[in-house]
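Naming follows writing order (A, B, C, D, E, F, G and H), and every chain is counted from residue 1.
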Amino acid sequence: MTLTIYLSGEIHTDWREQITTGAQGLDVHFTGPVTDHAASDDCGVAIMGDEPNKFWHDNKGAKLNAIRTRHGIEMADIVVVRFGEKYKQWNAAFDAGYAAALGKSLIVMHGDDHQHALKEVDAAALAVVTEPQQVVDILTYVLNGTLPS
Amino acid sequence: MTLTIYLSGEIHTDWREQITTGAQGLDVHFTGPVTDHAASDDCGVAIMGDEPNKFWHDNKGAKLNAIRTRHGIEMADIVVVRFGEKYKQWNAAFDAGYAAALGKSLIVMHGDDHQHALKEVDAAALAVVTEPQQVVDILTYVLNGTLPS
Amino acid sequence: MTLTIYLSGEIHTDWREQITTGAQGLDVHFTGPVTDHAASDDCGVAIMGDEPNKFWHDNKGAKLNAIRTRHGIEMADIVVVRFGEKYKQWNAAFDAGYAAALGKSLIVMHGDDHQHALKEVDAAALAVVTEPQQVVDILTYVLNGTLPS
Amino acid sequence: MTLTIYLSGEIHTDWREQITTGAQGLDVHFTGPVTDHAASDDCGVAIMGDEPNKFWHDNKGAKLNAIRTRHGIEMADIVVVRFGEKYKQWNAAFDAGYAAALGKSLIVMHGDDHQHALKEVDAAALAVVTEPQQVVDILTYVLNGTLPS
Amino acid sequence: MTLTIYLSGEIHTDWREQITTGAQGLDVHFTGPVTDHAASDDCGVAIMGDEPNKFWHDNKGAKLNAIRTRHGIEMADIVVVRFGEKYKQWNAAFDAGYAAALGKSLIVMHGDDHQHALKEVDAAALAVVTEPQQVVDILTYVLNGTLPS
Amino acid sequence: MTLTIYLSGEIHTDWREQITTGAQGLDVHFTGPVTDHAASDDCGVAIMGDEPNKFWHDNKGAKLNAIRTRHGIEMADIVVVRFGEKYKQWNAAFDAGYAAALGKSLIVMHGDDHQHALKEVDAAALAVVTEPQQVVDILTYVLNGTLPS
Amino acid sequence: MTLTIYLSGEIHTDWREQITTGAQGLDVHFTGPVTDHAASDDCGVAIMGDEPNKFWHDNKGAKLNAIRTRHGIEMADIVVVRFGEKYKQWNAAFDAGYAAALGKSLIVMHGDDHQHALKEVDAAALAVVTEPQQVVDILTYVLNGTLPS
Amino acid sequence: MTLTIYLSGEIHTDWREQITTGAQGLDVHFTGPVTDHAASDDCGVAIMGDEPNKFWHDNKGAKLNAIRTRHGIEMADIVVVRFGEKYKQWNAAFDAGYAAALGKSLIVMHGDDHQHALKEVDAAALAVVTEPQQVVDILTYVLNGTLPS
């Protein structure tokens, strides 16, 4: 049993690396969005030409990113969505809703201060955690049946 | 052709009433979440018993609300999601993602200041507007083929 | 918004009547299995001929009942499954799994003594209750947004 | 043709090992739930923190196990569900209903004493057996077209 | 609960009328193919122009009939397929396979002499009967829970 | 049996009216795109604001029209696509592909001069005709089983 | 591009071998039913115990075979169904209907004498042929774009 | 992450080779229709026998090609559709509609002169480009997150 896990959400800390490193040795395959913020913002106009209007600048880029993110979520067995301390992060919540509607197993990661605001997202999840290590522990348990000692 | 429209998102202004009133005479049916904030927050414990832990208090309520919101979105032909000026509104973005994954026609409503943060949500929409009257105009056009004069 | 609710499970108490009566005035439509125990057990052979082997006697009947139960669950917006005090009630758990796989909103009703044994079923539910009145309260809230006073 | 087979249900005897051993040499891949009873019961709180209330203790664990069990059933070509002599085993019946709704080929294994109580589950199955060797025989026949001599 | 029932297969006896008449008073809606044999054979060329080649003559007609038969099967809750004494009746078996793949509740009607040849079709059915009255009895039981006296 | 028929394609002749008039008395419901060419071209900017770039002017409008056309096709039992004498009509072919992928019964109408160029579209259809009256004849036959005299 | 092809139908001639041999060198994978007639008829009782009633004898076997045939059809890209000269072959027509409902590419093989009786099955096919070599030619063309010289 | 990309549309220039060559080193797999025009036109009659009527000549061929094109589109993660300068190219628009209905990520390539006529197709796309190199750039970005320098 190989699990494919899409890592969605916050791109400003090294949580993806913590999970990837912690999960070495497990039969897992990680995917996720482009995490280069500048490239992600400008990809549309860089490839398909400038737009004077910021809305269409962003629209071109967001659609290009959607090719990757939708494919990643649709191919995933598990979708992990992390909400960081800052920013609106509506794309993270959008991904969570998208994953939920597709029946994906959803793991949500966030600090306690966001608990009330994320209650609808948490209610769609099979696990709610605060730390990357907990995701590693979950993957270890789901694959091997062993718990952290 | 009757259209069923789910009105998701912000619950602190009268935008739903503006749309409902403006759409009188059209062959439309509107649905939406419970907009009584206190009832929505406490419904779980009010019916199924108190929880000392805020997480489970909210979890019970959010799941109960999910019975209504998921049904509403799944039955809808069009899902309108409005992002207001304040709050995190992650449930609105979650609904937008849920609707997008189900292939619903999505209309997003928000002010210009949220444009960049909502670019992924807007990119999944068939229309992005700022005012309730524009939703009325869209419904009028979609149903009758007539434009505002 | 009309809700169709399938009432699955225990057939030896009047819980269905309590819900149906309590929900008068709500925009709901109730369905459920045949609750005449003798007819349910013997329907197959009564219509399609006797079987000397009890397995096929039951098989013929169970398949006939499946015409009704699967249709009921597939048409339902909400599936309520009640586990009574006695008997194995594997058909109730089967219905719950069937409903969960179809993405139906699931409400499970049972006493506290069954809590541990039903944890997997409860984990798939949007609400877990002990009394019929709570189902009425949930339907009232989901449809009208009002809580019991 | 490789067949993936999910082995659901009873975890107190060595029936899974009998099937796995008997099927050596066949082009099959077996999956199943975590069968370490203690780990399965406590996985939720071990990874995500203690719960004073037994319901939430179990709820956290059951949802974590659902990541594995739903993935296993959804990926399977055949789902084998065994009902043992003891316990309620509602999760086994839930898995059978879940598999049936997804259109999986279902094989049910149980003793004669459970025949009447399992009639609805058996009626959804393509095979009903009593012994692990019969599952091996079925897999051999389905893959190679040969019958036990 | 209204049931829609598609009556497929043999068109040379009055079995459809027997069922329709017998089911008067039940909450049922019957559909079926065009049973005018000559019209059914020639509809394609009558509307879209003659074909010198019999294959295309039949092809045009069969596709036109498919508009009706596929719609009927897809809209049905129950598909009844009757195999008569004569002819190849491959279209009846095709309809049964089509209905089975869509997860429809299948009732097969045929005489004992066809039992072995129809074993695969029967194995996909929830009921196998020989007489139209049995279909009426099944519909009565499924809808009302009452058995023939 | 009521049939819902989406009339896609050419908007410069009165073929829709011919079909609608000819089908009076049949149990049919017709839908279709907005056929006011000017409104269809400008709907996006009229409601959501001007665009200096023709691409986005058209993009806004085409997405708004998609709310109606996709809903119409998805709700339809039969999709009729007419290709006229002039223009590229790629939207008609797009609608045909969209309908085919959804498994809709497809009727294509065009003159003989377009036969070779439309061979892939015709190959996905259940009927290929040249005149509106033939569509009326098909609907009459599909619903009533009667052929033109 | 690898194509998986299910070879359904007649089991009394060597048509499967002709296709398999002819397709050597192509990127194809063939599946099909158990073609050992005796094993296929008796598999159910051989593994799960004798049945005095022929109906249940056949029912047990047909369900066991369904594990293989449904899996084969569901995994296939192309389903080839051959109708031989003799027997009712209702299982072949059932397989064709099953494949058609799943949207599989269907190739039907039969002699001219069966043309009229198979018109509904042929009308659901993308190719109708008479000889195994034509299936090889089709696979060669579909994979490599080359035609027989 | 491997991406499978179906290259649909115009067959008279070397745009497929430009993309395939440019994408060397990327984890991609390209598919597409048969691009030998003569073989594509005549494949049906070459394998299944001559037809005096051009409609059926083309119909036989178009259905054979559909085995390859539908499989290609259904297996694809991304569908690229190119509209060239000449010809009706209704099959390209049909493929675009087919891909859109299946929820595939759609990239449309065409010159500015076709912009208005293709507005409905473009509106269903996640990217609209004019040059093959832009498709290479998009694939590079989607897979590696790097932009052209």
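Here is the rule we go by: a residue touches a chain if its C-beta (ideal position, glycine included) is under 8 Å from a C-beta of that chain, and two chains touch if they have at least 3 such contacts.
These figures come from a predicted structure and were not determined experimentally.
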Length of the shortest touching-chain route, chain D through to chain G: 1
Chain pair equivalent in interface to D-G, over half of contacts matched, among E-G, A-B or B-F: B-F
Length of the line joining the C-alpha centres of chain C and chain D, rounded to whole Å: 23
Whole-Å gap between the CA centroids of chain D and chain F: 50
Computed distance of Cα centres, chain F from chain C, in Å: 44
Interface hub residues of chain E, defined as touching at least two other chains: 63, 66, 128
Chain D-touching residues of chain C, taken from the complex the two chains share: 54-55, 58-59, 61-63, 65-66, 69, 83, 87-102, 114-124, 128
Chain G residues touching chain H - in the complex, by the definition given at the top: 1, 3, 77-78, 105, 126-129, 134, 137-138, 141-143, 145-148
In the complex, chain E residues that touch chain F: 31, 34-36, 39-40, 42-43, 46-48, 60, 63-64, 66-68, 70-72, 75
